[in-house]
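Take a look at the structures listed below.
Two complexes are shown next, each including chain A; its partner changes from chain B in the first to chain C in the second.
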Partner chain A sequence: MDAALLEQMLLGSLLALSVYLPLRCGQLSLATPGFYAVGGYVAALLSTGVAAFAGSGATSPLPALVAEMVLGGMLAGLIALAIGGPVLRLRGIYLAIATIALVEILRVLNLNLPFTGGAMGIFGIPQPFAHAGGYVLFTLALLALACWLCQRLEAMRLGRAMAAIRDDELAAASVGIDTPRTKLIAFVASAVLAGITGALAAHFFNSWNARAGSFDASITTLAFVVFGGSRFWLGPVLGGLALTALPELLRPVGDLRLILFGAVILLGPLFFPQGLVTAERLRWLAALLRLGRKRGHQAPQAP
Partner chain B sequence: MDLLQILVNGLSVGAVYGLFALGYTLVFSVLGVINFAHGAVFTLGAYFTYLLIGGAVGANGLLAGFQLPFALPFWGALPLAGLGAALVALLVERVAFRPLRRRRADPLLALITSLGAGVILVNLIQLLVGAESYAIPTGALGGLPASFPLLGARVRTVQALLLGIAVLLLALLTLWLEGSRNGKGLQAVAEDPETAQLLGIDSTAMVRLAFGLSGFLAGVAGGLVGLSVSIAGPYFGIGYGLKGLAVLVLGGLGSVPGAVLGGLIVGLAEAFVPADWSGYKDAVSYGFLFLVLLLRPRGLLGRPLPTKV
Partner chain C sequence: MSVGRLLRLGTGLLTLSLLLAGCGSDDTNQPVDVTGGVPVGAVLALTGNANVYGQDQKIGLELALQQRNGSGGINGRPLKLALEDSGSDEPGANAAFTLQINRGVLALIGPTLSQQAFSADPIAQRRGVPVVAPSNTATGIPEIGFFISRVSAESSVIAPLAIERALKIQPGLKRAAVFYAQDDAYSTAETTIFQKALKEKGLEPVTVQRTQLNDQDFQNQISAALREKPDLIVLSLQAVDGGNLIRQLRELGYRGLIVAGNGMNTPNIYPICQKYCDGLLIAQAYSPELDTPANAAFLKAFKAAKGGAIPPQLTAQAYTALQVIGEALARLDKRQPLTGAPLAATRKQLMQELLAGTYATPLGEIRFTPEGEVIQSQFFVAQVRMDPGGRSGRFALLK
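Then we have the complex of A and B:
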């Protein structure tokens, strides 16, 4: 497998985690691609327009990349903070539609603002890494950090509050959980992660345009989570890896590729309504691992 | 451009949005979910119309050069294309919605499965007839002139047709919903599927009916748009699909007159966007949608949202 595909798969996983965070407290937000696009534009504009970020020639310094990711994440987070209050009062399908509208508004702005390069977008974004392998290692570290934070969340008060809201919002509010604040934190965290991912992706793809954040992407990233399972962070990570790779792996079938991709999206939820990673399968996996370890201990004693 | 011309343009585009949103709203009212394959069914309606009036497939795609052995006048082709689209919508219900309902799965999964069905349809179109654009010749309208004067403005015949057919279909649909047994049954299922079932109404049949009607409306709208602005390729329904979503919420989810009113409002608002700002035209409907969701989440003509405890 080539490093470029692996990098795209890792980026897919990060976006899937961004969709997973609001879902973890029961909020179906499809805004991730919008924030992803915003983060990408921040990186693209800074690294092609500001000397301090641009570096020399075609390469740009690594600290500049990190700074762009922080700034991209911050801008996405600020937008989420500004609109989150009123938008998160909506529930279910209404929230989903409102976030689709947000993605479309951002797309139209990205297409028409005087400094975003119109339909062609921004070209020649400098590369902090000489090879795709560098991106893969860097993104792997970022993904590991994101997964670790999600795992930490399970044990934290905030994570438990989010789970309580997902199971029953009214009951959660009645035991003293500040539901609007918790939902807003999840929404902003999702936006920050998408913005950071966008800033990284803009460098990797070398150019950035308004197509980065579209309605299609909204549903594809949601499919990552639905496929992997929305109960545990491992689900979206696996879903993002698998579904990003799928269209590329299907390339040999040529024109039938996207038809088969559609069939997978259509059939997946029918056969795995809970996604691939469920609590049951995780327990099963844990039991299997324990069994394996015991066998490992016993092995030296066997004749 | 003078005011009347802008009004005519806006109303005819709005009529298409309205027809489109009507299909969404019928399915939403019985199932409570959005059918994301609706845009693809609309696109199919346009291609069906093109083929039925005797149009030939271009050089790309598996069906290159294919042409039906007969050519219908536009009047005959449009309802037939609607029927074809209705059949496809029934198929979408069969593969993407019914299995989920039978398993009592989370209805939100239908967002994904219906989009999967849409992706399949759009790419199937591309595989069969290629990605090029097709134009339905205005000559298809027979002896009708291409445009006629009205109170000093030039009105394209197609524009008047769009508006006329949308209003006619809305009127028929309203009459049918209020006056027929099946129409009442559909409303009952929209209210509460389980109670309706207990009262002897076949919910599954009603859901199928809603999908069939929504497909027919989408197919007719697709044919009319194909006649008015040409078929821009397999993906041309997606933009309408997203606008239709905005219109749906603006009018009120599940409200039939709301869908048409919302369509006309969005169409008019877009027509009044000055030419210098035309790039931002596509954001108008979503801006409206945002305002409505924040100020009046039930939409203009929707009923109050139920609060369940």
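Then we have the complex of A and C:
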């Protein structure tokens, strides 16, 4: 498989995790592409406008990339913090609509601000890695970190609180969980992750424009989570990897490939309504493996 | 085994496989692979909202390939063209470019949209693969780097011609209204040129209306524009949104002249605006009536393939792009055979060869500047004439 496609898949996974975080406490937020675009603009503007970020060699310095990712994540997080309070009072489909509106507002702003380059966007973004392989390793490390944090969340008080809110917000509030604060933390964490991903993606794609954060992108990232499963972090990761790769892997079938892709998206939720990865399926897989190992041990004793 | 351990194992395996996959392709020292023909790649928008252009371009490439391989290919070895769909967005173009480059193509044709070019061309530039753009008209494309060139003349050269022509048809024009899609690179780049040209002719636009690339309903913008009583409307829109806008413009009662940019320069607008396409003025970088042997051969091949239809500009430009690459490859191969030559060095030599040549193409005789910008001598203006049924029509050249 090609490193560039792999990189796109990993970026897809990171975005899927960003959609997963608010869903983890029952909040359907489609704002991820908006924050992704913001993070990308931060990186694009800094690395094309500030000499220290661009560097002087063939590749731009790695610390500059990390700094851009931190700044991009911070800006996205601050925006989420500022609007999270009022927006998160909405629930379910109303929250989804409000976050779509947020993505639209950010998109129109990005198209019309004097320094974001209009529809053409910003191009000629310097490259921190000479080869796509460098991006892959770097993004893999980032994804591993994000997955580890998500796994830690399962055992943490915050993670338990989020799960409680997802299952029943009223009951969670009545046992003393600060629901507005927990939801806000999830929303901000989602924005930070999307912002960081955007900063990395802007370098990888060479150019950045307002189309990065469109309504279409909202739906695509949501599909990652719906397809992969929203109960456990492995679901969005797999969904992001699979659905980003699929249109490319289907190239040999020619003109039919987008029809097949659509069919997969349609059939996925139809046959796996909870997504590909569920707790039952993981347990079942673990049991299967245990059984396989036992058989393996017994085999030599057989006559 | 607990769920946690299983997960750790799974993550580990995933990481390992991804790592292994990541350390694959490195093509710097490979020789050129000519099994099955001399490899050239094309990346066109065959799906998404720009697919109407990709269709025109695909025919052009097929005809040029036939022509080349029918007359001996690259000194006896056939030219092998791999075509990939880029969709109509940037990640699609990036992925298709990378795929083609990894296949070991010597040169690339595409991508269809300027917006895609700004994203995908730097990949080819970085990996040292010659690109000939058949349809990018935005400012700044050849400037992306040494390996990037185009056969599609920049819109700043062509677009003003249609306005001059409109003034010739109707000298008393006073009130121009301008439309463009504010989220599209081509539209925003071309409208700047149109607006500048209008001002130079003393036609300060009375209103500038912004639309979105994926809009279908333009009633608000049209009503706002018609309140200003314009007698000339200038559009920088792509085929699908532009076609719909013209249709709605006429339905809402506008009777005056309409000038459109390169985005609507395809017969594929006929099914969209139907009888309302009639009278549309569009400047052309290609004329079917150009009387040269190269154009005669192209016309003959196109008419044979498409049942007597007249080729559109995008088809002629795509044909030209592959013709230019074919001729440059043949010259290079004669000087030093391609077989067994190192890939990276051959790509670079091909780019130098490409820029140095002069080509007799359907567009007329063309050359390149050292930057890769096309030098073309003749441009034209056409007016769309629809048949009475409104199903089909033609681009009639204005003399």
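As a working rule, the second predicted complex is superposed on the first by the 285 of 303 C-alpha atoms of A that agree within 3 Å, B and C clash if a C-alpha of one lies under 4 Å from a C-alpha of the other, contacts with A are read in each partner's own complex, and residues count from 1 in each chain.
The criterion applied here is as follows: a contact is a pair of C-beta atoms (placed from the backbone, for glycine too) under 8 Å apart; a residue touches a chain by one contact, two chains touch by 3 or more.
On a predicted model such as this, the values are computed, not experimentally measured, just so you know.
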Subject >> Clash-or-fit label for the pair chain B, chain C on chain A >> reply: clash
Original post:
Is A:Val19 contacted by the first partner chain B, the second partner chain C, both or neither?
Top reply: neither
Subject >> Partner chain in contact with A:Tyr94 - chain B first, chain C second, else both or neither >> reply: first
**OP:** Go through the superposed model and pick first if A:Ala37 touches only chain B, second if only chain C, both, or neither.
**Re:** neither
Original post:
Given the touch rule stated above, what does A:Ala4 touch, chain B (first), chain C (second), both, or neither?
Top reply: second
Subject >> Partner chain in contact with A:Ala164 - chain B first, chain C second, else both or neither >> reply: neither
**OP:** Figure out whether A:Leu258 sits in contact with chain B (first) or chain C (second), or with both, or with neither.
**Re:** both
Original post:
Touching A:Ala64, do we find chain B (first), chain C (second), both, or neither?
Top reply: neither
Original post:
Is A:Leu111 in contact with chain B, with chain C, with both, or with neither (first, second, both, neither)?
Top reply: both
Subject >> Where chain A meets both chain C and chain B, residue numbers >> reply: 111-112, 255, 258
Subject >> Residue ranges of chain A touching chain B (in the complex, touch as defined) >> reply: 28, 86-87, 89-90, 92-94, 96-98, 100-102, 104-105, 108-109, 111-112, 170, 215-216, 219, 222-223, 226, 255-256, 258-259, 261-270, 273
**OP:** Sort out for me which residues of chain C touch chain A in the complex.
**Re:** 1-3, 6-7, 10-11, 15, 18-19, 21-26, 46-47, 84-85, 89-91, 94-95, 98-99, 102, 115, 118-120, 122-123, 126, 138, 144, 181-185, 187-189
Original post:
Considering the complex alone, what residue numbers of chain A touch chain C?
Top reply: 1-6, 8, 10, 107, 111-112, 118-121, 123-124, 127, 131-133, 136-137, 140, 144, 147, 151, 205-207, 209-211, 234, 248, 251, 255, 257-258, 279, 282-283, 285-286, 289-290, 293
Original post:
Okay, in this complex, where on chain B does chain A touch?
Top reply: 32-34, 36, 95-96, 99-100, 103, 105-106, 108-109, 111-113, 115-120, 123-124, 126-127, 238, 242, 245-246, 248-249, 253, 279-280, 282-283, 286-287, 289-290, 293-294, 297, 309
